[in-house]
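Please find the structures below.
What follows is a pair of complexes built around subunit A, which joins subunit B in one and subunit C in the other.
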Partner chain A sequence: MQDEVLYRESFPILGNDYEHGGEVATKVKSILKELGISSTIIRRLSIANFEAEMNLVMYADEGRLEFTVGPREIEVIVADRGKGIPDIEQAMQEGYSTATAEMRARGFGAGMGLPNIKRNADRFDITSTPGIGTTLRYAVSLTMPAASETQ
Partner chain B sequence: MTIREVAEKLELKGLTKVFDKSVTGVYISDMVSDVIANAKAGNILITVQVHNNVIAAANLVDVSGIVITRGRKPSDDMVALAEKAGISVFSTDLNNWQIASMLYEAGIR
Partner chain C sequence: MDIAPLAKSAGMKLDEVRALLNCDVICGSNRLDSDITECFAADMMSDVLAFCKPRAMLITGLTGVQSIHTADVAELTAILFVLNKKPVQQVLDILQAKQIPVLSTPYTMFEACGLLYGKGLKGGYHERDKVAEESRKETMELPGSK
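Right, the complex of A and B next:
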């Protein structure tokens, strides 16, 4: 948990809004850049935020992405109202996907979304209630070197 | 090598203004999650995908340019988004493999 908030902002995301999919992650990236966050951390958060945003667009009705910059880490909470995930363990497996033909035609459905988020975060937690929605909480540390860097 | 030099060598058709960024390599993929996880900053992305989400993904990981293959046409929206992000977009009738070979021949290794 954050003991001190240096910056916090929250953005709405709409389900099925492919046209704007990725815009929230892009806005967060420019804010982090302006705050002087290192490019390695920005890259890891951008990957996680993009995947979380697109998951919300593809599978939920609506939700929000909120990020908080603290002295030690940047925490992101992505909470949605939607159909939820019945089997989280299965959803976390690389290659497992419930994407529709339309999503696959757009280049999604590789079953990499949630694993990409987990891999690029130093802390990751997911809770979901079928029929209600899903909440992702993840954070990238500002103080320790990345163990699972992608670049 | 810069994007402009690559475009001239390969005679690529620019759909956006050509932004003179330096090219660090090439990434070829039509899967968006693969692009965002594995394309490196400065890479040229070769893809058949022509929608906004690909531009967002490419921009988030600082891809320098995008070559759309097999003659697929992006929407005006996608082109505008790329231009705003400073990403040069080109189109070609060649396929992914053909354009990749040409980039290799041009010296991008």
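Right, the complex of A and C next:
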């Protein structure tokens, strides 16, 4: 949990709203740019946010994406009300997908979403209750040097 | 995997891509001097988000709003739609607010990729086992990085 909040904002996301799917991720990206966050951080977080937003649009009824900028990290919580994920371990495997033809026609549903969010985050956690909904909690560090810098 | 391009090239200007592929300029006619050195061709936006390097040009047949958001969040230089595909007005309205030039070519994706490859452009992707490390390194080099 963040001990100090420098900025926090929350956005609603509607399930099945493909027309606007991706707008929250691009709004958050603009805000982070205005806050002066480095493009290294912004790109990784924006990719994670876009995948999380599209997952919510595709699989949930409704939910919210909230991001919090602290002194050490940017934390994102994406919580939805929906059918949930019965087997998280299976859902985390690249290529595993329950996508419909419409989802694939829009370029998503290849089973890359959750692994891609985890890959772009320094901290990642997912909880889900079938029939209730899913909560993703992930963060990108503002202080940790990139892996390539430490080698 | 390292596939060498047919021709040695320092890249192309987007305007050269436009001329080579008989493109219509959908958006960003004032940004045709953008440098293109790498491309990523896909209709799966998740693959683009997972593997595409920043600054690459996206070649796709998907003209929906998610293609635009994908190019935006992945920091891509331009979008090339194949098969003469054009976005609907709602997508054009969103494009107006972005700084991403968009072209449309009558060629198929295979032909467009082949012609660009023949001019020396390279695949702009991270290998699967190096994605996390390379994407961090690449974004360190983006304009505005600290």
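Heads up, the rule we're going with is that the second predicted complex is superposed on the first by the 146 of 151 C-alpha atoms of A that agree within 3 Å, B and C clash if a C-alpha of one lies under 4 Å from a C-alpha of the other, contacts with A are read in each partner's own complex, and residues count from 1 in each chain.
Definition applied: contacts are C-beta pairs under 8 Å (C-beta built on N, C-alpha and C of every residue); 3 or more make two chains touch, one makes a residue touch a chain.
Predicted, not measured: the structure shown is a model, and the values here were computed from it.
> Pick one for A:108: touches subunit B only (first), subunit C only (second), both, or neither.
Both partners, subunit B and subunit C.
> Counting residues of subunit A touched by each partner, does subunit B or subunit C come out ahead?
C
> Counting only touches as set out at the top, which of subunit B and subunit C does A:38 meet: first, second, both, neither?
second
> Residue overlap on subunit A between the subunit B contact set and the subunit C contact set?
Touching subunit B and subunit C on subunit A: residues 18-23, 25-26, 29, 39, 43, 46-47, 49-51, 54, 106-108, 110, 112-113, 116, 119.
> Please give the residue numbers of subunit A that touch subunit B in the complex, ascending.
18-23, 25-26, 29, 39, 43, 46-47, 49-51, 54, 106-108, 110, 112-113, 116, 119, 150-151
> Which subunit B residues qualify as touching subunit A in the complex?
30-38, 40-41, 47, 49, 51-57, 59-62, 77, 85
> With touch defined as at the start, can you tell me which subunit C residues reach subunit A in the complex?
42-50, 54, 60, 62, 64-70, 72-75, 90, 131-137, 139-140, 142-146
> Taking the touch rule as given, give the residues of subunit A at its contact with subunit C in the complex, in rising order.
18-23, 25-26, 29, 33, 38-40, 43-44, 46-47, 49-51, 54, 104, 106-113, 115-116, 119-120, 146-149
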